[in-house]
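Worksheet: one structure, shown below.
Per-chain residue numbering starts at 1, and chain names A, B and C are given in the order in which the chains are listed.
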Amino acid sequence: MDKKLRHKQMLEDINYCNKMINLSYCMYAKQYWINLFNKKMEEALKELEAPETKEENKEETKQETAREPEKQFTLEELAQYDGSMGKAAYIAIEGIVYDVSWNSCWGGGTHFGLLAGKELTAEFKKGHMKGIEVLKELPVVGVLK
Amino acid sequence: MTIKITLDPITRISGPLSIEVEIEKNKIVNAKSSGVQYRGFEKMLTGRSPLDAVYFTERICGICSVAHGVSASLALEDALKVKPDANGIKVRNFAHAADFLQNIIRQICLYVFPDYVKISALPGSIGGDFRLPEKYTEKINEDYIKAIEYSRLAHEMVALIGGKVPHSHGIFVGGTTVSLDPFKIIRLKSILQSINDFIANNMVEDINIIAEYYTEYYKIGGGTGNLLTYGLFDEMGEGELHYVNPSVYIKGKAYKLNAKAITEGTAYSWYSGNKISRVPSMEPTETDIKKEGAYTFIKAARYEGKVMQVGPLARMILSGSYKNRISTMDRLMARVLEGKKLSEKMLKLLEIIEPIPAVQERYTIPESSVGMGLKDSVRGALGHWLAIEKGVIKNYDIVTPSVWNLSPVDERGQHGAMEEALIGTEIKDVSHPIEIGRIIRSFDPCLSCATHVITDCREPYYIDLI
Amino acid sequence: MKIAQEAVDRIKEGNGNKINFIWIEANGCAGDIISFLNADEPDALYFLKEMVNLKYSPSLMQAEGERAYEEFLETLNTDFILGVEGSLTNVENGFYDIFAYYKGKTISVAEAVAKAAEKAKHIIAIGTCASFAGISAARPNPTGCTSLSGFLGREVINVPGCPANPLWVMGTVASLVLYNKVEVDDKGRPLMFFKDTNHVNCERRSYFDNKINAQKLGDKECMFKLGCRGPVTKAYCPIGRWNSRINWPVGDNTPCIGCANEYFPDGSEPFVRY
């Protein structure tokens, strides 16, 4: 992808995130878009500061774009990612699916007796009454259908 | 005139025990053994992942955690239909026996010696009846000090296999988890040889010295002559590694063990209900600390309704390694001699253990299953019974050796082994009844084990003992 | 251990008076005293001879019955460090854990601990049961067990671990004997031993960092996918290890189960998951 096109895409992504922040009512979804917005801004700033190099000819690094269709999970599909037998460990909170495979608190895909591969909104709210700060660091892999 | 004496705390045992005796004309006419601690492990285990039972039940007891790990592993192997490889069994048995040695050294040298000799390494004294001449007092004091090191070394052997101890990780379903190699083997061998030396030379000599000066203890504190063992090193073939098969000794005859004949009663224990239940039963029950007549958290374990005695003496007699004589001093002597016997068997076992990595699998938990793990620990017969339903633990029953030995009187009026041992004993000085503590410690009580349990009188599930 | 050796030298050259030590076993498995007897360099004998006067310990002391309780009471009128292992249960007047029977009265462990805590110069909660309630309080907590600090309503030094590693206990006592204090973190744990998680210094980090996972116990790779709680457990295990520093759970090819954690065992469940 050449530089001009890439910058256009970045700007579009940032604007889209901004729009979604304003459209989101659920605080979890809002936080998701805020995080993504911040990430996109960081990348854009880095891009602007980077010197002219032969970067464009290098292999494209895979970038998460907001315009790519989000992977949608049914509960059955989510259940596949329960962290057992070496599989990835995903959990869903308020409709957003997070990857906890390598999160310190989720050794073995389990956390305080809970198993991954499930919708855990109620348990999360009970156990993390202080709020959603902890979710900030979790990679997002999609949304629940 | 009846004098009532309550001894609490009984020090130099594992856990809190209270003893109440009634004395008439300097003779004990009644004894009540009270386990005065309770935690409720069976209630805690319900609903948990079955594989967690190993590490969880280890924490019932700090001094014999390995025994619980072994019994839990056996129960799980039964329920999960897992057959450990031959080397895994050998290594696990070795670690188990190493923990026996730790127990024996600490129990005899740190717990029992101060009853007969004033120990200068610690403040205070039991006082009263010290009979040993100066040179033997010195010798036993020296061995007390050495015992601190040798018992630690025994645990180092367990840790080489189990990762850490108390509460090892390496004892598990399928055998052990350790990757053995020639270097680990030689470390085990070098430690074992030094411990074997200490037991065979120092400890045997010491216990014989004490027996020489306290001969009347061969006549007191016997308790029932009915003996029981779940076996130890019984799966090691019939050669020189074999020790004792699961068996009982009742009224002069030895029989193969029938696990279905085991019952537990709560007539005089602080649990609601008054019936006898087969072991295992279905559900934990509630405590009832206001129950009329009850005086302990320990239940009354019986075999075919009979009182049984368990421990090193039972094993040594049932294996034909010790004459059939039951008393305080016989129990102490048998414990030391068993230590010597086990350490010799361990040396032989080490020669045939292969220095290879452990064989482990990704074990599948069935939807429902039952399992039983019976094996003697150092204090005697230890049984774990487990029922799995919907993939989690539905019920977990544990009967520890101290439930046999330290049991209260049952609904038929039969006293447990230790109470019976105390009854009839002559107390020379009622103001300082030193005989009581000496008899008690010869049983090597473990209260954290004995007092965790609760079972109920519901329809039991049966497991065939093959 | 250097700090303990310094403590010893100081005692020898100083007034030579060792402080008294009361070791109470509350509602637990009595594993911490057994673990402590496994201490090495310095060992338990060194502790007894050179560091403190062990005036009360149900597992080791020579006196029994009323005389033992009297020795406990006598020590309360002196300078002493109080160490408590096991959880505290005070329901039904502490009936589920009895300390002594003295002159016609039953004394619960809760009562004895409260009495001793009033007068102690320093208080150490030894093991996870005393520090954080531990397995004695595992769901559903049948005897209403709490931590030592929870029971006393005040801060104490917490040396968790199931059992407490003898190095950690020895080092803590040495710090008190030598400097009259020990630096602790926000949960009262000595910073000497509870600064980093087990994950930080784990010898299998290169496996973790490259996502090379053990499939089952007994494997040599990273145990994280089998349920290892190393990343959330502050302790000293990969460095000081266990039993004369020879081994530790991960080194034995099993996951860490976070036995020194505030929420052990319920927060570590399940311990093993394939």
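Here is the rule we use: contacts are C-beta pairs under 8 Å (C-beta built on N, C-alpha and C of every residue); 3 or more make two chains touch, one makes a residue touch a chain.
It should be emphasised that the depicted structure is a prediction, and the values quoted were computed from it without experimental measurement.
Highest C-beta contact pair count among chain pairs: B-C. Central chain assignment: C. Criterion: smallest distance from chain C-alpha mean to the mean of all protein C-alpha atoms. Here the CA centre of chain B is 24 Å from the CA centre of chain C.
If each chain is reduced to the centroid of its CA atoms, chain A and chain B end up 55 Å from each other.
Chain centres here are Cα averages; for chain A and chain C they lie 41 Å apart. Touching of two or more other chains is recorded for residues 215, 269-270, 272-274 of chain C. The residues of chain A that reach two or more other chains are 85, listed in rising order. Contact of a single residue of chain B with at least two other chains is seen at positions 362.
Those residues of chain C lying in contact with chain B across their complex are 25, 27-35, 37-40, 43-45, 48-49, 53-55, 58-65, 67-69, 71, 92, 95-101, 106, 109, 135-136, 138-140, 142-143, 145, 162-163, 215-220, 241-244, 246-254, 257, 259, 265, 269-274. In the complex of the two chains, the chain A residues touching chain C come out as 83-86, 102, 104-105, 107-110, 112-113. By the touch rule above, chain B contacts chain C in their complex via residues 6-16, 18, 36-40, 43-44, 48-49, 51-52, 55-56, 59-63, 65, 106, 110-111, 114, 118-119, 121-127, 145, 148-149, 151-152, 155-156, 158-170, 172, 177-179, 287, 289, 297, 357-363, 437, 448. Those residues of chain C that touch chain A in the shared complex are 197, 199, 211, 213, 215, 223-232, 255, 263, 266-267, 269-270, 272-274.
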